[in-house]
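When the chains are written out, they are named A, B, C and D in that same order, and each has its own residue count from 1.
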Amino acid sequence: MKRTKVGILGATGAVGQRFVQLLEGHPWFEVTELAASERSAGKSYAEAVEGRWKLSADIPDYARELRVKKCEPGLDCELVFGALDSSVAGAIESEFAEEGYFVVSNSRNHRFDEDVPLMSAEVNPGHLELLKRQKTKGKIVTNSNCTIMGVTIALKALMDAFGLQEAMLFSMQAISGAGYPGVPSLDILGNIVPFISGEEEKTETEPLKILGKLAEKGIENAGFRISAHCNRVPVYNGHTVCVSVKLEKKASVEEFKRALAEFRGEPQGLKLPSAPEKPIVLREEPDRPQARLDLMAGKGMVTTVGRIREDPLMDFKFVTLSHNTIRGAAGAAILNAELIKAKELI
Amino acid sequence: MKRTKVGILGATGAVGQRFVQLLEGHPWFEVTELAASERSAGKSYAEAVEGRWKLSADIPDYARELRVKKCEPGLDCELVFGALDSSVAGAIESEFAEEGYFVVSNSRNHRFDEDVPLMSAEVNPGHLELLKRQKTKGKIVTNSNCTIMGVTIALKALMDAFGLQEAMLFSMQAISGAGYPGVPSLDILGNIVPFISGEEEKTETEPLKILGKLAEKGIENAGFRISAHCNRVPVYNGHTVCVSVKLEKKASVEEFKRALAEFRGEPQGLKLPSAPEKPIVLREEPDRPQARLDLMAGKGMVTTVGRIREDPLMDFKFVTLSHNTIRGAAGAAILNAELIKAKELI
Amino acid sequence: MKRTKVGILGATGAVGQRFVQLLEGHPWFEVTELAASERSAGKSYAEAVEGRWKLSADIPDYARELRVKKCEPGLDCELVFGALDSSVAGAIESEFAEEGYFVVSNSRNHRFDEDVPLMSAEVNPGHLELLKRQKTKGKIVTNSNCTIMGVTIALKALMDAFGLQEAMLFSMQAISGAGYPGVPSLDILGNIVPFISGEEEKTETEPLKILGKLAEKGIENAGFRISAHCNRVPVYNGHTVCVSVKLEKKASVEEFKRALAEFRGEPQGLKLPSAPEKPIVLREEPDRPQARLDLMAGKGMVTTVGRIREDPLMDFKFVTLSHNTIRGAAGAAILNAELIKAKELI
Amino acid sequence: MKRTKVGILGATGAVGQRFVQLLEGHPWFEVTELAASERSAGKSYAEAVEGRWKLSADIPDYARELRVKKCEPGLDCELVFGALDSSVAGAIESEFAEEGYFVVSNSRNHRFDEDVPLMSAEVNPGHLELLKRQKTKGKIVTNSNCTIMGVTIALKALMDAFGLQEAMLFSMQAISGAGYPGVPSLDILGNIVPFISGEEEKTETEPLKILGKLAEKGIENAGFRISAHCNRVPVYNGHTVCVSVKLEKKASVEEFKRALAEFRGEPQGLKLPSAPEKPIVLREEPDRPQARLDLMAGKGMVTTVGRIREDPLMDFKFVTLSHNTIRGAAGAAILNAELIKAKELI
């Protein structure tokens, strides 16, 4: 198979760096273009991220000498991954779609456009049908907010097995979710900040679209309700979410666990390169999941679930953990792109 | 007024140290006895806690040279504060009560004894009636688990104003709650542990007794239901709790806030020495309370409440913060003792 | 004694906030003016610092409603404390001095002006002689960089007793030293950054002026040499410095300890309001000083010294800790101002 | 080549776990035996470490079902890696050597035995000559304390190129160096502890033996002197050391850098499986090395060196970082064993 040429918009930012890293040696995609703001344009990628490369492995060799371009059509690639700040992403992505590029975006701007799939490859591959309704030469697919990416996979497994009535989500979110420089250390060292601007709103709405059904006019939201409490905690990577759910159908603890453990999606069936063998890994130890120990399960693409127990108010409670910049951002977008390619939509 | 002679059982441990510190210069109590395990008995207090004094101010001068005794009756005092480990506290406290001492305990052993008040001075001063039913010469009063101490004051204010149906509590608890050496740094540095042994059980039951009604046989639990998710976080002092509540009576956000802000208890009416002017302080900033900023409000005796907003599933959500070793442990016990003295029960 | 009216330049920044806090209820100074950038001018102080007040106690009542002014002469006060960013401090302070204000500055701009004392009240009160050489109607006094403030007091005690040949300083500096927002949490959570821009240069030069002698042309630097390694560590407040020194005169460990423990300066003799009883507190425990435990000794104005032992290469090694925003910044400047007032220079 | 059967003594502890992990799929060694205390003996390895496995990847499959044995000869292997606590390691290792096993130990007990090499494979491979003097059927080789392992490689490069007179070492050591449970979080969260029991003594002596010369009676220590300041910091893995050195021969900064960057040892020449391509990686950025970014260079076997600059007191200063449980413990021992096998000493 010939590798598809891809570009990265916003390649110098925190999520962009993660794209650069995860796409190193990718079997299906070849990064031919790195694009960023005017300030970086014209420099080699290594120069452009000097002093701002914040991943623990070095800049991949393939990227070091690539010349950074502006975020304008004219890039030599078929597909662009979007890692731009939401203050500019909307218009730029639209422009690329107009010009015939396939845009796979991590930004929030187009997430609720009626004909744009808000995609999680294991959860709603059928929403790719919406692409046919996009009028542009190119297409746009988005992925969701980092916090809900992991937990929505668990909700999908539960919805399929038992139906969902209500979900209460309490998040404890890593600092890398805020980008760089992001959270000042004076605010978070040895402290908790029980607020993240805009986060509870996204957490209460995005899963409903992802878990919704194709309808005449876009997606019909899933019919259950969500309440979210979002907190910033002094953890580097990895969003932990405590969840209480009310089901439509009664279930035993064993059935509940089985529904999660046995869940598989299309990426597993298609053996996509970035798909973990199992999207959900269950831990039976009383004190898991933990970011320190479970973050890199499935190369950061697994949602680890633990502490499944009955809830005195709702039906069950449990804890999920997923890697916010891999499963919750760049990795999720790459998996979406793999699905798109496997389905020959590109 | 003559100061009452008091002793501290378990004076060398983490909670014991906090008692020693908070009782320095107390207007109503004079610490005449410090008692601890055999290992410490016979040493001066300064020697006994050498290398284990973990508070940021020095050992108070009054305590340095006090000779540590064993935890056996025969101490020269009327009242003892209990800061013993629960593995030994039950029997020792019973023995002191038998011998005529007034025991004001922070340990969990007697909390659910039918005739023992589980006290929070602002919340259920009426439960002191139970003391009349205790058959021993001395008496026992307990205070609750550190996590729920602060949040129960908020629940009391809400129950009085609107009635409560359900409460979902999601805690992020400081490491000092586990004593010393307590939580290994390898488990918690840059990490979250979504489990604390026994904590959710206490959190789901203790508030119901505190908020319950005097009945023929002990206390009749309050009639609402609680679900708890308890987490350990890398914060030194200060337990943060995210709360969702379902009320019995509808309320506007303004009424809800007012009920919390205007709540006062007997300690405020009686102007007890350790009582904060207001038991609950409301913060209107979007990102408060925070341990870093709000921990020492009211010298650590205030419950700070913030982020009051409507909840899509229940009625309201909010966040509370209180100091787990002051309001949640030693400070609460001292306030209980002050109430007892103000009511001339000792 | 009538209180002197004082103003604070840069009152909304991190150091400015500390001035506002420490001057609450000061017996000799009354804060009549708070000045800051154009952005804040015209607002009440409470409005101006909204969302940026980062101290753990609330804004003092006296300051809340004070109207913030621009940093221009015309302020109703005799003395101004300088807490401005060094990018603007130099010219503004000169202007205030021209107009007759006494400027007591924490900024670095004038520290090496020939006729400006670089003052540490316990160390070089005699340098106030330089004020006579300043040609302006008002005067300027500066204090040093936060890192060396504490350690220089220890060096002074040793220089007086034994003479100094060499000092090797290894610092581990708190994040509050970088102001707000300052150090991004992604850079420092669970990490060490072995570099702080410009810090080693200041650490190797400023103590030599402070410890120097009045000479015809300004100050003649002290004659020993310093080498510094400066590191940023994930500690909120408190700079720890490991020190190795080579003395001119041999000393026993006991003599060495005594020289430190018995050191007193003019502020102690004059009983200045902010002067700690002893400028240096010696700890004999093997593992002290520690920021967690020793930071607030003497209300943050003490330098705690511990781990005194022989050094295989030089003569002795030891560890110092001092509070970087109190003893190392605002507190030091206030102590300088108290000394100036006690000497009737204002 | 047939793989050599190896065992791990103390396989359930922190260093033992790291051996288990690093030896997974090793091309030369096959782990056939895991041995630990009586408490673990008889259990499967997975059972034995339940709740104590603290590495971020899961227990390797090969080890899960291995039956843990007691630390007694009779194990089916030729070589044992020693990861025992020093309270028991000495006698057990001697017993294994008596019985003909090759012991490659990370414990400190035999480090200063006259005929036992204190080995760092890149630094003193010639010390393996000492093995001929060991009278036992088996042999013992030790590696050094975790702190100095990385820095000694840098000192070796400098000693070879310029000769060394003096080295001042200032360490900031990760919590994993203290094992599990190790450092209580109450001691280190947001704090620095400027003391680690016994650490400065080891740091001032062990490099001198490693860098020493074979002599008639054991090893003649290297002739320069070391002073060490050792600190515990809130970092998970990775010991940072600030170094000042005085050389015997003058050098320019460029020569100094080149001596470090071009250093190679026998493991590189022999292309040992665990040998990094370069033992020392130089970073030119002003703020490196950092644990967050450089820890896993060369799979944790590299010493990263940065901030090379002149020292006002000695000749040069710089900063080193190495992984304390890989290069500083288990990885170093494995590299030693690889060297031993490559030289056909086993």
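Observations
In the analysis below, a contact is a pair of C-beta atoms (placed from the backbone, for glycine too) under 8 Å apart; a residue touches a chain by one contact, two chains touch by 3 or more.
The model shown is predicted, which means the values in this text are computed figures rather than measured ones.
In terms of C-beta pairs in contact, the better-connected of the chain pairs A-D and A-B is A-B.
Farthest from chain D in terms of Cα centroid separation is B.
Taking the mean of the C-alpha atoms as each chain's centre, chain A and chain C sit 47 Å apart. With centres set at the average Cα position, the gap from chain A to chain B is 42 Å.
Shared contact sites, meaning residues of chain C that touch two or more other chains, fall at 54, 187, 189-190, 234, 236, 287, 292.
Contacts from chain D toward chain A in the complex involve residues 50-51, 54-57, 189-190, 236, 285, 287, 292-296. Taken together, the chain C residues at the contact with chain D in this complex read 166, 168, 170, 172, 187, 190-195, 197, 204, 225-227, 229, 231, 233-236, 240, 242, 244, 286-292, 306-307, 311-314, 317, 319. For chain D in complex with chain B, the touching residues are 54, 175-176, 180-190, 234, 236.
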